[in-house]
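Same chain, two partners: subunit A is paired with subunit B first, then with subunit C.
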Partner chain A sequence: MADKILKKDKAAEALKELSKFRLFAPAKSDDVVLFRQIEDPAEACLDYANSTVPPKKVVFPQTETLFRFKLGNPELREKNVEEEGTTVIFGLRPCDARAMSIVDNLFSWDYEDPYYLKRRELTTLVGMACVTPPSVNCFCASVGGEPFGTENLDLLLVDMGEEYLVKVLTDKGGKLAETIGSFMENAPEGAAAKAEELAGAAREALSRSIDTSGIEAKLPALWDSPLWKEVSAACLGCGICTYLCPTCHCFDIQDEVEDAEGRRCRMWDSCMFREYTLHASGHNPRPTRKERTRNRISHKYSYFPGKFGVIACVGCGRCVNLCPVNIDILEILGKVVEA
Partner chain B sequence: MVDQAKLREVAREVISREDVRLLIGYRPGTYGFRARPAFVESAEQVEELVFTPACVSNLASYLVLEEKPPLPRGAEPDNRKVAVMVKGCDSRALVQQMVEKAYERDHLVVLGIPCSGVVDMARVEARFPGVLSAGSIIREGDDFVLSFDGKTEKVPAAELLADKCKRCRYPTPLVSDIMLDDEVERFAEDDFSDIAELEGKSVEEKWAYWAEKFSRCIRCYSCRNVCPMCYCEDCILDRLKPVWMRRSVDISENTAFHISRAYHLAGRCIQCGECARVCPVDIPLMELNRKFYKDVEELYDYEPGLSTEATPLLSTFSVEDREDFIL
Partner chain C sequence: MKNPYIPYLVEILDAWYEAPGDRCIKTFKVTFADPAVWDVWSHRPGQCAMVGIPGVGESMFCVSSSPTEQGYLRFSIMKTGRNTSALHELEAGDRFYVRGPYGNTFPLDEWKGKNIVTIGGGIGQAPLRPVIQYIRDNRDDYGELTVIYGARTSADHCFKQEFEEMNACGDVCCHLSIDVEEEGWPHFVGFVPQLLLEAEPKPDNAIAVTCGPPIMIKFVLQNLEKLGFQPEQVYTTLENRMKCGIGKCGRCNAGPLYVCKDGPVFSYAQLKQVPEAFA
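After this line comes the complex of A and B, so read on.
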């Protein structure tokens, strides 16, 4: 499908139309922008930098029921993700969309995760290009992304000032574009060229970068390096860097039981937590923040690329921006390169 | 403001002492105006140390954060002292930790920093967005002077000060071995007017207010981990047998978590405000803690973290204690 134009004053109507689906869009809660289910288009905040919590939570909820059970009843009532219906994530950043394609590797690897994959199948991703990098700590171009990246997106919107240029990237995106077709017009000649220009400027505007070549091979060799103690000394051991990472995907599975009924659910877990690797014996193979930090970096930049051929980091900068004590993954990687 | 050369000189002397293994201070951050904790183990490292109004972290938290994994056979624990830089508010955390017998006074070398206030980094970054190269913030009279990218901007201090500093009762550290500057006289009063609105709400309104805030919580536990008074070796949140608090993230468990934490901090929270500062989704946790603080002060005439001679509020009983609020 050819490029379209969605005038900004028609965006609310388009969102209204899309809200017949399960529609997620960035919205403000006080000053915090989060993706949440939108019923009224006025709630959406499309003029935003990036959401604090990545939209991964839509396809990989922080807590989800896998099935319910009852004592004495062998029948498990499995969650039917299909019932959630068609889902649209509107206005997500290209890095966050790309992150989902990276996480797909894990959930479709040795065991195909029906919950995650079904949700991915039901979800259409409508991206919002980064005309201005959302933060000074964005470095998507260093890890295979781009401010105007289209990977894994179905539609890409480019903010052209008064209007959005809408690029249709997949059949799924085409179908969604049809449902809001009446609010859009054909893009005039030259719009694509202007978008190209904006994309170039956005790439130029990225202020941070890292040369990742060689890091994958180097990390395992630095297992005993003193650098890990140095870079982890200030770590508080909280879950900000992992929970707010669009590619972190670790989870725990727990049974929640009350009286004779319960549910098995899975919830996000974080390798930065002490009990993440705590054995029943009391032994902890990652006893301090040093080993946990080493694992976080090594997993993203060595183990994951070793297994799946792609770095598990999209350079969104959240872990840098939101770390309470300014632990900076680019600084750590810089030390790895130098070591 | 603290003389940076003097600070480094003192730090060099302290870390050179044989009975000191570690000095915890501040150094410039990796971008923008940030400063971050510094862990100095040798005299060579003191050159990076600074103290500026960007030094927001409460370093007292690190005294109770360090893991103690089993030592290799035959190895002796390193029981030498830890030196730590503290502002007035932070020093109260040291006092309270000692009141609770987290460690002995002679475990520490306290470098006191009389403080006229630190910035709210969110305000700084909102005002000067997109600053990457290291910018500096210094205090000049009633202004903060910010230098970055070859520019200098003067901003009235009140516009960038952290809220806790605007009502700081104890700007000069209450415990210290070496004071790094002249005492700062109390420049503000705390009348708790910031929580008057919350106190005035009906129960239903309060629930609606907190339900919205707590529903954002992602249970990253940064509030717990940064808190200098949250240092249980085995937190009930991490317990799986029995499960005191479920890991599932919903309004019920989130509320249970935050209310439990607030209760556990009653008579213990020393108002450093770190929990609210680090919360990635801006839950105003200090409103809860300040309500408890105010109640404790009014009911028991008790402020935690003022004297190492004090006894912990909730583990003492006096026949004089008020009980008219007990149902």
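After this line comes the complex of A and C, so read on.
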């Protein structure tokens, strides 16, 4: 399908139409922007930098039921994700869409994870290109992404001032575009070229970068390096770097029971927590933040690329922006490069 | 494709204590409540399974029976935490849930024609039991079988009856130990690594497999080297905290290896490359 134009004054109507699906869009909650299920287009906030919390929870909820049971009854009732229905994430940044394709590797290798993969299948991703980098700590171009990246997106919107240029990238995107076709018009000649110019300028505007080329091979050699103690010294072990990371996928599984009804559920976990690796015997193979930090960086930049051929970091900068003690992954990687 | 998070219901055919005390060990012999599961279930020595009770939790244990023992699975479980305490409450006729089998296996096909030495400590004998049983059930395929096993006290020895039977039948060379002298104990007194030196298995055309507490494994590996075993001839299993068992939840990695998927069985040659394996 050819490029379309969605005038900004028609955006609310288009969103209204899309809200017949399970629609997630950026919304303000106090000072924080996050992806929320939207019924009224007025709730959406499209003039935003990036969401504080990535939209990964739409396909990988912070807590989700795997199955339900009644005590004393052997039947296990599997959660039916299909019932959640067609889902649209509107306005996510290219880095967050790319993060999902990275996490897809994990949830589909060997055993397929039915919950995650079903949600991915049900979900259409409508991206919003980064005309200006959302944060001073963005470094997507260093890890295989770009501000106008289209990887894993079904539609890409480009903010052209008074209107959005709408690029249709997949069949799934084409179908979604048809449902809001009446609010759009054909893109005029030259719109694509203007978007190209904006993309070039956005790439230039990224202020931070790192050469990641040798890092995967170098990390195992730095196992005993004093740098891990140094870079983790300030860490509080709060785990926010992992909770806000769009590629972090680790989870815990716990059972909850109230009266005689129960469910087995899974919830986000963090490799920065002590309990994460604690054995029942009391032994802990990663007893301090030094070992946990080393694992976090090694996993993203060495183990994951070794297994799946892609770095498990999209350069969104959230872990740098939100760390309460200013631990900066680019500084850590810089030390790895220099070591 | 079957949802890998949904476990199978099993029924306990028999259950008994192997060892007493605060951290007692109980063996469960179980079969699937739905016999059709036997058509899709197939495990090999070394593989593990998630064992649990909805409402309590799940934990990973090795299947301690060999696939040559048909019609049941065995799990030998030490009482350590919430889930294992709840499992220990169960008796014959009770039910729990199992999903799996997970992980890789001891390469028993590659080991055909070789002499096999197992070195176990305490509950570490549980993953070695299916290896021993498998070899005994395919006795002509393997050379000498030497079983070296120790526990803190004679009461802590697992699979006592089976050891007596092995000693009696003569097709296995058994070496047993306890840590501290006890009246009437006819075998070695001392730690397992010393028992290994005492038994002095020959490295020629041999494979050594060791499972037990980390400190025991550390010294067993050193002593195997002293006896002339090359790292490629030595195998062990790793264990780490696990939640999914299928390479998703993240936590069981030792360096780049997922213990649940790439393990639990590793050669010492492999583990020498991974410093976190011995963390």
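Just so it is clear, the second predicted complex is superposed on the first by the 339 of 339 C-alpha atoms of A that agree within 3 Å, B and C clash if a C-alpha of one lies under 4 Å from a C-alpha of the other, contacts with A are read in each partner's own complex, and residues count from 1 in each chain.
Everything that follows uses one rule, which is that contacts are C-beta pairs under 8 Å (C-beta built on N, C-alpha and C of every residue); 3 or more make two chains touch, one makes a residue touch a chain.
Nothing here was measured: the structure is a model prediction, and the numbers come from that model.
Contact with subunit B, but none with subunit C, is seen for A:Val32 once the two complexes are overlaid on the shared chain. Judged by the touch definition given at the top, the superposed model places A:Leu330 against subunit B, while subunit C stays out of reach.
Applying the stated contact rule after C-alpha superposition, one finds that A:Pro285 touches subunit C and leaves subunit B untouched.
Contacts of A:Gln254 after superposition: both subunit B and subunit C are touched. With both structures placed on the common chain, the touch criterion links A:Pro114 to subunit C but leaves subunit B unconnected.
Looking at the shared chain after the overlay, A:Val320 reaches subunit B, while subunit C stays out of its contact range. Taken together, the two complexes place residues 252, 254 of subunit A in contact with subunit B and also with subunit C.
Those residues of subunit A lying in contact with subunit C across their complex are 66-67, 69, 71, 74, 76, 78, 106-107, 109-115, 220, 223-224, 249-255, 257, 262, 264, 266, 269, 271, 276-281, 283, 285-286, 291, 295, 298-299, 302-303, 306-307.
Residue ranges of subunit C in contact with subunit A, taken from their complex: 1, 3-7, 9, 33, 54-59, 80-81, 84, 95, 97, 214, 239-241, 243-244, 246-251, 253-256, 261, 275-276, 279.
Partner subunit B is touched in their complex by these residues of subunit A: 29-32, 34, 52-53, 62-63, 136-137, 207-208, 230, 233-234, 236-240, 243-244, 252, 254, 256, 265, 267-268, 270, 273-275, 284, 287-289, 320, 322, 324-328, 330-331.
By the touch criterion given at the top, residues 29-32, 34-37, 39, 57, 61-62, 65, 67, 69-70, 130-132, 212, 216, 218-222, 224-226, 238, 240, 243, 246-250, 274, 277-278, 280-282 of subunit B touch subunit A in their complex.
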